[in-house]
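Input: structures, listed below.
You will see two complexes here that share subunit A, one where it goes with subunit B and one where it goes with subunit C.
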Partner chain A sequence: MKQKNNLIPALTGIILLLVFVILLENISSLIPNLPQVFQPTSPLFTVLKKAAVYSLVAVSMNLLNGFTGLFSLGQAGFMLLGAYTYAILTVPSDMKDQVYYLFGGCAFDFSLVDFFRSIFGAGGFGGAVALVLACLTALILAGCVAGLFAYLIGFPVLRLKSDYLAIATLGFAEILRAIFQWQKLGPITNGANMIKGFPTFSDFNITDSSGNVILRLSTFVPFLLTTICIVLIVCLINSSYGRAFKSIRDDEIASEAMGIGLFKHKTMSFVISSFFAGVGGGMFAMYVANAQAKAFTSTMTYEILLIVVIGGIGSVSGSIIATFLYVACSEWWLRFLDSEMYIGGFKVPLLRNGFRMVVFSVVIMVIVLFFSQGIMGDRELDLKAITGYLTGKKRAKAKEKVPAGKEGDK
Partner chain B sequence: MDNKIALHLENVTMQFGGVVSVNNLTLDVPEHRIIALIGPNGAGKTTAFNCITGVYQPTNGLIEFMGTPMVRNHPSGKDAKSYKGENADKYTGEVIAPTPDQITKLGIARTFQNIRLWKSMTVFENVLTAKHMRAKQNVFSAVFRGNLSEEKRMREETLELLKEQGLDEYKDELATSLPYGLQRRLEIARALATDPKLLLLDEPAAGMNPQETLELSEFVKEIRDKYDLTVFLIEHHMDLVMNISDYIYVIDFGSEIAQGVPKDVQQNQRVIEAYLGVADQGDTE
Partner chain C sequence: MEYVISVLLSGISVGGQYALIAIGYTLVYGILRLINFAHGDVFMVAGLLGIYLTATLPISISLPLVIVLTVALGFTIERAAYKPLREAPRMSVMISAIGVSYLLQNTATYVTGGQPMTYPTIPFLSDTVNVAGTQTKWVVLITPVLVLILVIALTQLINKTKVGMAMRAVSKDFETSRLMGIKIHSVISVTFIIGSALAAVGSVLFFTNYPAVTPTVGSMPGLKAFVAAVFGGIGSIPGAVLGAFLIGICETIIKGLPSSWDVSVFSDAFTFALLIVILAFKPQGLFGEAATDKV
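Let's look at the complex of A and B:
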C-alpha cells in the first residue's frame, strides 16, 4: 500500500545522505583551500557526530515517551550501561594495564578486538574486518545489556503510572551511576576514572602505511549506525506492534479491552527503547573516546527529553531535526555568547562564560510556551512537504532533514 | 431457552469498601440471543460488565464462559471480615483472575459507555489495531517485515469490515472527527475486529436521537446474525431494549429484582417501582 510507494524514495534518500556525509567529510582533501568550516577540525564535524549519536537516543526515548506514552527518565542510565559494556568489551588487552593502573589491571581478561584480531589478523584488511566486527558485536551486546536491565527493572517499575514511573526510572539511572563509580568495582569499571583506549570513531578513518588519512569515515560511521537503528525503530513503529504502542498511549483501558496486553507491550517498548539507548550509549563512548560514569547525569536525560519535546512528542523526524538543531546551537552556533567580544573599543555587555546557557534557556522557554507542539507535533515530514520545502526556501540544514523525514514517513 | 449458555454468572458480588455494587447476581446469557441488563442509574450495571471483562475482580462468585470457569474469587484477608454478601464459602479454592486482554482473547469484546476510541488514529487504524491480538507474528517478524502476508490480510479484513459497517468512506479520517452515532458504530466495528463470540454493549444508544436509536437496533440484530454473535447489553432507552432483547434482567442497588421476556418485565410491579419510585411512600422522589 502506502509503504511500498515510499520505500524506494526513502532508501534513495538514506543512501544520498550517507554519500553526502562521506563527501562532506573528505571534501577538504579533494579541494584545497576551502574555508575553515570544511576542515576536519571544524566544529561542523563535532556537531554532526554528536548529533548522530544523540538523535538515536532521542528517537529511542521518543519511542517510549512519545509513542507508548510511558514517561521514563532513565535514558542516561541505559546509555551508561551501553557505554560501559562497549568500553569494557573492546579495550585491547595490551591497553588494560595502562587504563586500570590504579587497580593493578582489569579483572575482565577478554577483549573483542583481540578476539577478532586473532581470527582475521591485526593489520591491513584483516585488521579492519576485526575492528568492524568487534565494534558491531560490542554495540549489539551494549544494547542487550541495557535491554536486559530494562526487562528486570520493568517488572516492578512498569506498573507505575506517569510521574511515578519517571521518578522510579530517574532513581534507577542515578543508582547505576553511583554503582559504576564504586571503588570496589574498580577492577571492572575502573572506579570513578574513565575507561579509554578502545576503538573510537576516528579509528575508522582509513590510513596509508605512513599513518596519513586517505579516507575519513569518522562522521560517516555514526551516521550509518544511527540510520540503521532509526530505520529499525521506524519499522517497529509502523508495524502492528507500533500501532499497539500508540493505542496504549491513547487509551490504556480501551487497548486492554481490545486484547492488547498492557504489561507485555509496555515491557516490550521499554526493552526496545533501552536497547537502542544502550547502543547510543556505546556510540557516545566512541564519540567522546572515553567512558566515565559521571558523564551520564540526569542532565543528559533532560537534554534528550528537551530534544524530544522541541522536536515534537510522537514524531521521529521531529526528534532528528531537533537533535541537529540543539546540538548545533549548544556546540557551535551559540558558542560566541560564551566569550567576551569587542566591537571597536566597545565591549558588548553580558557576553561572558555561561551566558550561552542563559540564552539557551530563554529559547527553550519560548519554544515550550509558544510552540508547545514542538517543531513537528506528532506528524512526520512527508515527501511532498520536503519537495515543497526544498523548492521554496532552501536552508543550510535542509539536506539533513530530508532523509530523516523519509525514514519517518514509511 | 434451549440454546447453549455462552455466559454464566453465579452469585457474583462486587464490594468496594463498604459499598456493595453488585450483590449476588446470577444470570445466564444463552448463545445467539440478545440479552439486556437494565436498571436505574447507579444500579451496578456497568460494574457487572467490568467484572465480566476483567476490569474488576469480583469479591465473590464465579463467571463461566462457554462452559469453562473464567473468573472465580472468594473474599479473603481483609475482604473476608468486611464482606456483606452471601455465599462467602461457596467459591473457596482456586482463584481465577484473568486480565482484560486475556478475557478478550477468549472471545468477549466490549464497547464503552463513554466512547473510548484511540484519538490519534484514523478510523482504519482503530479497527486495524484491534486485529493485533489475533495476528500471527512476533516483534522480530514485525520489525524485519517477515509478516507482510499477515499484515496484508489484516488490512484487507479491516477494509472489508469497514465496508460492511458502512464506515469505509471515512476510513482515513480521525476517529474522533466522526459524528457521534458513527463513533458508536466504529466502536462496535472495532470490537468485532477482535473476532468475538460474545459482544458486550455498554449503553450503545446513549446520546443518540430516536432515528439513530432505531437504526442501531436494526444494526445490532444484523451483526448478531452476520457474525453469529451473542449480545449482552446495558441500555437506558426502553424502546430499544424492548424492541431487540430476547430476555431482560433488571437490577437495582446491585441485586436482581426481576427477569423475563420484555412484555413481562414491562408490567412487573417491582420494576416500575424501581424506575418511578414507590407511590405510597410520600417522601420518595
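Let's look at the complex of A and C:
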C-alpha cells in the first residue's frame, strides 16, 4: 500500500537527482569563471563517477550479505568477469591488433560496437545509438556471464556455512584472477596485460564536428545505470522474494519450516547479486578505461565489504551514502594527509605518503568496533529525506534520517 | 633427478613455513570459530620487525625480540579488536579481522613507504649446503625438523598441561567451560600468543628464502595456511601441518613445471581449488570432527 503512495515522490527524486548531475557536470560551460571544483577536471567528478560504480557493487554485496545473510567474499571475482566480458565484447575491430599486439591479434573476432555501427552507421546520431546499444548489451551480457558463473559455483558453495562460504567464494575469485592472467588465454584475455580501447564514460560526452564538447554526460551515464540497477534491486528486496531472503537471513531453519526453499532462494540471491556485481565490473572497466585482472584483488572485495559495513549491513541507502563518503574521503578529502604540510614554517608531523590510508583504516576499525550498526543500521532513508538529499541538501539528510520501521512495510 | 630433489626440498620447506602459520589459524578457529584474516599480516609485520631490528641490534638479541614483539602484537589485536566483540555475531568478528588486516597492511605501507624491503641474511640459516648433489640453504633443511619439534611440543602442551586442557574445553563449549571456572579470556589470549609466536618463527624461516617483504606479502601465505588448516580438519594440529606440507609441495611442483606449459600462475589458484574440493566432499577435513547442528 505504502509503496504506491511513495512511487511518485521516489520517481521525482530520482529524476531530480539525474537532472542535477547533468547540470553540475555542465555548469562550467554555462557559467564562466566558476571555482576549480566545478571544472570538468576537478576531483569532484572522479569521485562521483567512481562512487556511482562502487555504490552499485556495494548494494549488490549488501543484497547478498545484508539481506540474505550469505557472507560471500567473491565480489571482486564477479566484477572481474563483468569487466572482461564488457571489454572483450566492445573493443572495436580496428583497435584489436593494437591491443592484442603481444598475441598477434585477437582470437575473438567480434565487436558489439562494430556490429551496431554496421546497422546504425558510425557517425552522428546513428553512431550515438550504436554506442549506447553496444554498451548496454555488453553490460547486460557482462552481468549475465557473472550470473551464470555464480549459478555454477553456487552448487558446491552455497551448501557451506557462514565463514566457509566466505573463504570458498574468496577462493573462487582468486582462481578466476589466475585464469584470466594465464598467457595461454592471451588471444582472448590479453594475458596479464590490460585490455583497452573500448568505449568509456567519456565517450558519452556529446561533441560537435570539430571535437568540442557540447554536452558532458560522462558522470550522468554511470549515475543513470547505477540508479536503474539499484531501483531493480530495491524492487526485488520489497517483493515476496526479498521477504524470503530476509527470513533466510534471520533464521534458516524457521524459514525452511515456513516453506521457503533454502537452496533455491540462496541461489537466486547469489546469482542476482553476482549479475549486478558483473554489471558493476563492466562499469568499473568503463571508469578506469581498462580491464586488467590484477586490479580485482581480494583487497577490492574487502574495501567493498567495509563500505557495506560502514553504511549498515542491510540498508541500501546506507550502502550508497557510505560509498560516496568513502570514495570522497579516499580520493579527495583526505588527500592532504599524503603530502607534507607546513603551517607557518612548522612542519606537521607524520604527514607523508600513505598516512591517509592509515588514518582511514583506524577510522574504519573504530566504526567496526564501536558503531557496528554503521551509518544507517538496517533502516532506510525516509523518502522525504531522500528528496531533500537528491536536491542537494546533503546536510539536511544526515539529521533527517527517520527510521522507516520494519523494512517489510516500506 | 637433482631437479626433482631440489623442488621437493623447497616444497617441504615452504610447507613447513605454512605449517607454522596454519597452526595459528587452526588454534584460533578451533576456539573462536573465527577466520583470523589478520594472522597473515601479523606474519608480515614479524618479517618487517626482523628487518628493522637486525639493522640496529645483533642477531642474537633481535631474533628473540622479534618473537616477543610479534606476540605482543597478536595479544594486543586480540584484546583490542576481538575481545569487545565476544558476544557479537560471528560475522562482525570476521569483519573486524578484515579491518585489522587492512590496518596492518596500510600501516606497513606507511612505515616502509611502499618499498619492498630486503630481508637480512641470517648467518648459518642462509649458508648453502650440498644435499644429494643439489645446492640448497640450511633453512630448507632446518624448517621441517623445527616444525616437527614445535608440533610435538605443542601437542604435548595441549594434551598434557592444564592450559591445554582448558583450551580443549573452551573449543568444545564456551559456556560450559566458563561455568567450570575456566577464564576463557586468558585461554583465548594464550591461543593468540602461541599462534603469533609460531608466525614469528615462520616469518624468519620464510623470508630468509624469499626476496623481499612487501605490505601485502602476508595475505597469500595466510590464506594458504588457512586452507591447510581446513584440509587437515579445523582444530587439529597434525592435520594442519600435514595439509601445509601438502600445499607447499604441490605449489612448488606447479611452479617447477616446464615453463612452456606456463602454469605457474596457477600455483595460488591450486590451493583454492583444493579448498573447494575438500569443502564439497569432506567439509570436516582429514582429522576434523563432523559438527552437528542442534535445532
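By definition in this document, the second predicted complex is superposed on the first by the 384 of 410 C-alpha atoms of A that agree within 3 Å, B and C clash if a C-alpha of one lies under 4 Å from a C-alpha of the other, contacts with A are read in each partner's own complex, and residues count from 1 in each chain.
Assume a residue touches a chain if its C-beta (ideal position, glycine included) is under 8 Å from a C-beta of that chain, and two chains touch if they have at least 3 such contacts.
In this text the structure is predicted, and so the values were computed from the model without any measurement.
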Once both complexes are superposed via subunit A, do subunit B and subunit C end up clashing or fitting?
fit
Looking at the overlay, does A:Ile206 come into contact with subunit B only (first), subunit C only (second), both, or neither?
neither
Between the C-alpha centres of subunit B and subunit C, what angle is opened at the C-alpha centre of subunit A, expressed to the nearest 10°?
70
Could you tell me if A:Ile253 is touching subunit B, subunit C, both of them or neither one (first, second, both, neither)?
both
Once the structures are superposed on A, label A:Phe355 by its partner contacts, choosing first (subunit B), second (subunit C), both or neither.
second
Let me test your reading of the model: by the given contact rule, A:Gly261 touches which partner, first (subunit B), second (subunit C), both or neither?
first
Between subunit B (first) and subunit C (second), which, if any, makes contact with A:Val37: first, second, both or neither?
neither
Using the superposition on chain A described above, determine whether A:Val309 touches subunit B (first), subunit C (second), both, or neither.
second
Looking at subunit A, which partner touches more of its residues: subunit C or subunit B?
C
Figure out whether A:Ile214 sits in contact with subunit B (first) or subunit C (second), or with both, or with neither.
neither
Once the shared chain is lined up, is A:Tyr164 touching subunit B (first), subunit C (second), both, or neither of them?
second
How far apart, in whole Å, are the nearest Cα atoms of subunit B and subunit C in the superposition?
9
Could you give the residue numbers on subunit A that contact subunit B in one complex and subunit C in the other?
253
Given the complex, residues on subunit A that touch subunit C span 71, 156-157, 160, 162-164, 166-168, 170-172, 174-175, 177-179, 181-184, 192, 253, 298-299, 302, 305-306, 309, 352-355, 357-358, 360-362, 364-365, 368-369, 372
Interface residues, subunit A side, partner subunit B - complex:
1, 232, 235-236, 239-241, 243-244, 246-247, 249-251, 253-263, 268, 272, 314, 378
Which part of subunit C faces subunit A closely enough to touch in the complex?
33-35, 80-81, 84-85, 88, 90-92, 94-96, 98-103, 105-107, 109-110, 113-114, 216, 219, 223, 226-227, 230, 262-263, 265-266, 268-269, 271-273, 275-276, 279-280, 283, 295
Considering the complex alone, what residue numbers of subunit B touch subunit A?
53, 55, 99-102, 104-105, 109-110, 112, 116-121, 125, 128-135, 137, 139, 142-145, 147, 151, 154-155, 190-191, 193-194
